[in-house]
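Going in written order, the chains are labelled A, B, C and D, and every chain counts its residues from 1.
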Amino acid sequence: MFLIPNAVVRFFHRMASPPHFYAFTDKVMPWLIIIFVLLTGFGLYGGLYLAPADYQQGDSYRIIYIHVPSAWMSLFIYMVMAISGAIGLVWRIKLAEIVAISSAPIGASFTFIALFTGSLWGKPMWGTWWVWDARLTSELILLFLYLGVIGLYGAIDDKRVASKAVAILALVGVVNIPIIHYSVEWWNTLHQGPTVTKMDKPSIHISMLIPLLLMALSFKFYYLIALIQRIRIELLQRERNAQWVKTKVLEQN
Amino acid sequence: MSLFYAFLAIIKRDLLLAVRRRTEIANPLLFFILVITLFPLGIGAQPHLLQAIAPGIIWVSALLAAMLSLDSLFRSDFDDGSLEQILLSPYPTSILVLAKIIAHWLVTGLPLLIVAPLLAVFLGMPTQSLGVLLLTLLLGTPVLSLIGAIGVALTVGLRRGGMILSLLVLPLYVPVLIFAGNAVEMAGSGLPVDAQINILISMLCLSLVLAPWPTAAALKMSVN
Amino acid sequence: MKNNIISRLQGQDLSCVRDDRILFEALNFELNVGQVLLLEGENGSGKTSLLRILCGFREPDAGQVLWCDNAINDSQYYDDMAYVGHLDGVKKELTVLENLKVSLALGQSGHYSIPQALAKVQLTNFDDALVQSLSAGQKRRLSLARLLITKKTLWILDEPFTSLDKQGISLIESLMTEHCKAGGMIILTSHHDIALPNVDVQRILLS
Amino acid sequence: MSLEQFLSMGGYGFYVWTSYGVTFLVLLANIIIPIMQRKQFFVKASKKQRQSL
C-alpha cells in the first residue's frame, strides 16, 4: 500500500462506490466508443483491403482478423472474470463481483464467435465444418465453462450469493483451463489427421500482422464498452432501493 | 489428534449410513452396467468395433455414473441440517468435507472397480489392458469425486440443481477422460502407459489438495 | 474460563435486506455471560435471518458481529458456539447414540457424558433406537442433548420449544437456566413466553 | 480492385462475410440487450415511484 500513490488509492476507493462509478462511465463512454470505432476502422481496412491474399489460403484467411482476436478475448475475459471474482470474494467489493458476472455473457459471445468463425474457416480449408482440432476443442470446452457460470448465476435467486458461487466456479475453472488445454492438445497430437497442419502457423507478413493487432486491441475496447453497459444495468438492479438510483429514475422522467 | 478423530467419525458415519440405505451403493453401479449394455445394442455387436471403443465406453460410463451419484454426497445432510452442524464445527471444514468425499468414493467409486473387469470382458477388451483399466479407475474415479464435490456444493441449495450440475462438472472431467481412456487404449496395443499413469497420479494429488477448499467455501455459501 | 477473556457477543449496526424488504436496520446488542437474548417478532420479521447471521451462514448487509471483540469468522468463535435450528441436524437412519457420538467427535467434550445428557433430556432408554422411530418431541430433545455433551458457551436456539409438550418445555427451561448460571449465554427465538427465574433476559422486538 | 472483386473475396466471399456478419450481430446484441434492459428498468422503476407517491 505504501508504494501506491495516495491519489491512485483514492481513485479506486471512489470507483468502488456505485454512484461514482456510474457517473464516471457516463463520462468515459464517448471516448471509448471513438477509440473503438477508429481501431476497428483501421483494422478492417488494413485486414480486408490492404493486406495481400495468403499464397496458400487465398482470401479465406481474412477470417483470422476476427477469429484469432475472439479466441484471445475468450481466454482474457475468463481471466478477468476469475480475478475480479477472487477480489470480490476476498475483499467483498461489490463492483468486482459485478464485473465478474457481467463479463460472462461477453466472454461466452467471443467464445461462440471464435468457434463459429473457426468452423467457417475450416470448411474451405479442411473440407468439413468441424474438425476435432485441439484449439477448437478447447474452445468448445471453454464455451461450456462459460455457460456453466451463466447458468449457475441464473439458477440462484439471491444475487449476492450467486456472485459468490460464480467467483468460486470461475476460480476452479481458471485452475482447470491450462490442464484442459494441454490435455486436449496432447490428445490431439495422437489423433491428428494430416490436413490440419495446413492452418498451422501461416508465416505471417507484417502487413497482415498489423491489422490483426489492431483488431485485437479494438476487441479489448469493445469488451470495455459492453462490460460497462452490463455493469450499469446490474448496478441499477442491485441498488434499486438506494437513493442514488431513485434520483436517477426521477431525472429520467 | 482430535481433528483426525473427527475425520474418522465422519467417514464412519457416512459408511454406516450407506450400509443402512443400500440403494445408494447399488444405483450408480446398476447405471454403470446398464449404460455399457446399451452400447452394443445401439451400435451393433461387431466384436472389432466394440473392442476398439471399449476403453472409451467404459470410461464415459464411469464418468456418467460418478456424476449421477454426486447428488447423494451432500443432499441428505443439507436436507436434515447435519451440514450446518458440520460447518459450525471448530475443525476446518475442508478437512471434514474431504472425509465426506472419501466415504462417498468408497461407496460409489470403488464398486465400479469391482464390476469393470466383467464389463471389459463383455466388450471383448484384450486381457493385457485389464490391469491398466483397473489402475486408471482407481486413480481417476477419486478425481471425479473430488472435482464433482465442488459442483454439488455449489448446487446443493438449488431446487433443480441436476442439469446445471452436469454443465458445471462434465467439462472439468475432460482431462481425466482423455488420459485414462488413452492409457487403456494404449495398453490394449501393448504400448507403455507410464506417462498417462503419472499424469493421473499428479491429477489425483492436485485435486486432493485443492478441491476441498472451494468445496468448503461453496457449502458455506449454499447454506446461507 | 478461557484465557481470562470474558466471553461477550456484540452485534454492531447490523442490517439485513431480503427481496427488497429491510428486515432490520442498525441493530445493536451486547450479550454477556449469564444473559439470555430473546428475539421476538412475527413470522418473516427476520428472526431466523438474524440467527443465521450470528452463526456466520449469512453475511449481514451492513454491520458486524463480534465475539470477544473479534470478528466471528475466526475459529475461536466456533469453539464456543452451538446452534440448534429448524432442522434437527440428526440422521434418521442412525441410532440416538451414534448421532451423539458424531456430534461429540465434531466438538470438545463438555460437562456431561452421553448417558448423563440422555438422562437429562429424558431419553435414557432410547440410545439404541433409530432416530426415525422417535417422535418429533423426542427428536427435538435429542438435538438439545447435543448442546449438553459439548463444551459451548453460547447457545443459539431457533424456536427450541416447537413440538415439545409442557413438561418438555419446562425441562428445556431448567437446562437453559442451569447453563446461564454456569457462565453460558443463550440467544433464542420463541413464540412462547419463557419462564427463566433469576436470569437476565434481554428482549429484541423485530417488526 | 472493383467492389465486386472485393465482395467475392477470391471465391471465399460466403465464408468471410458470414463470419464477419455473425460476429457483428453477436457483438451488437451484447450492446443492445443491456441498453434495452436499462430502458425497461427505468420505465418500471418510475412507474413504481409514481405508485408510491
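Following the convention adopted for this analysis, a residue touches a chain if its C-beta (ideal position, glycine included) is under 8 Å from a C-beta of that chain, and two chains touch if they have at least 3 such contacts.
Being a predicted model, the structure only gives us computed values, none of them experimental.
Ranked by separation of Cα centres from chain C, the top chain is D. Should one ask which of A-D and A-B has more C-beta pairs in contact, the pair is A-D. If each chain is reduced to the centroid of its CA atoms, chain A and chain D end up 16 Å from each other. Distance from the chain A centre to the chain B centre is 32 Å, each centre being the mean of its Cα atoms.
Look at where the CA atoms of chain C average out and do the same for chain D: the two points lie 55 Å apart.
Distance between chain A and chain C, defined via averaged C-alpha coordinates, is recorded as 47 Å.
Among all residues of chain C, none touch two or more other chains. Multi-chain contact residues of chain A (touching two or more other chains): 240. Those residues of chain D that touch chain A in the shared complex are 1, 6, 9-12, 15-16, 18-20, 22-23, 26-27, 29-31, 34-35, 37-38, 41-42, 45-46, 49. Across the interface of their complex, chain A is touched by residues 150, 154-155, 157-158, 160-161, 164, 167-168, 170-172, 174-175, 178-179, 182, 203, 210, 214, 217-218, 221, 224 of chain B.
Those residues of chain A lying in contact with chain B across their complex are 89, 141, 144-145, 147-148, 151-152, 155-156, 158, 161, 164-165, 168-169, 171-173, 175-176, 179-180, 183-184, 186-187, 190. By the touch rule above, chain C contacts chain B in their complex via residues 52, 55-58, 75, 78-79, 81-83, 85-94, 98, 101-103, 105-108, 146. Remark: chain B residues 2, 5-6, 8-10, 13, 16-17, 20-21, 76, 79-82, 84-92, 96, 220, 223-224 touch chain C in the complex.
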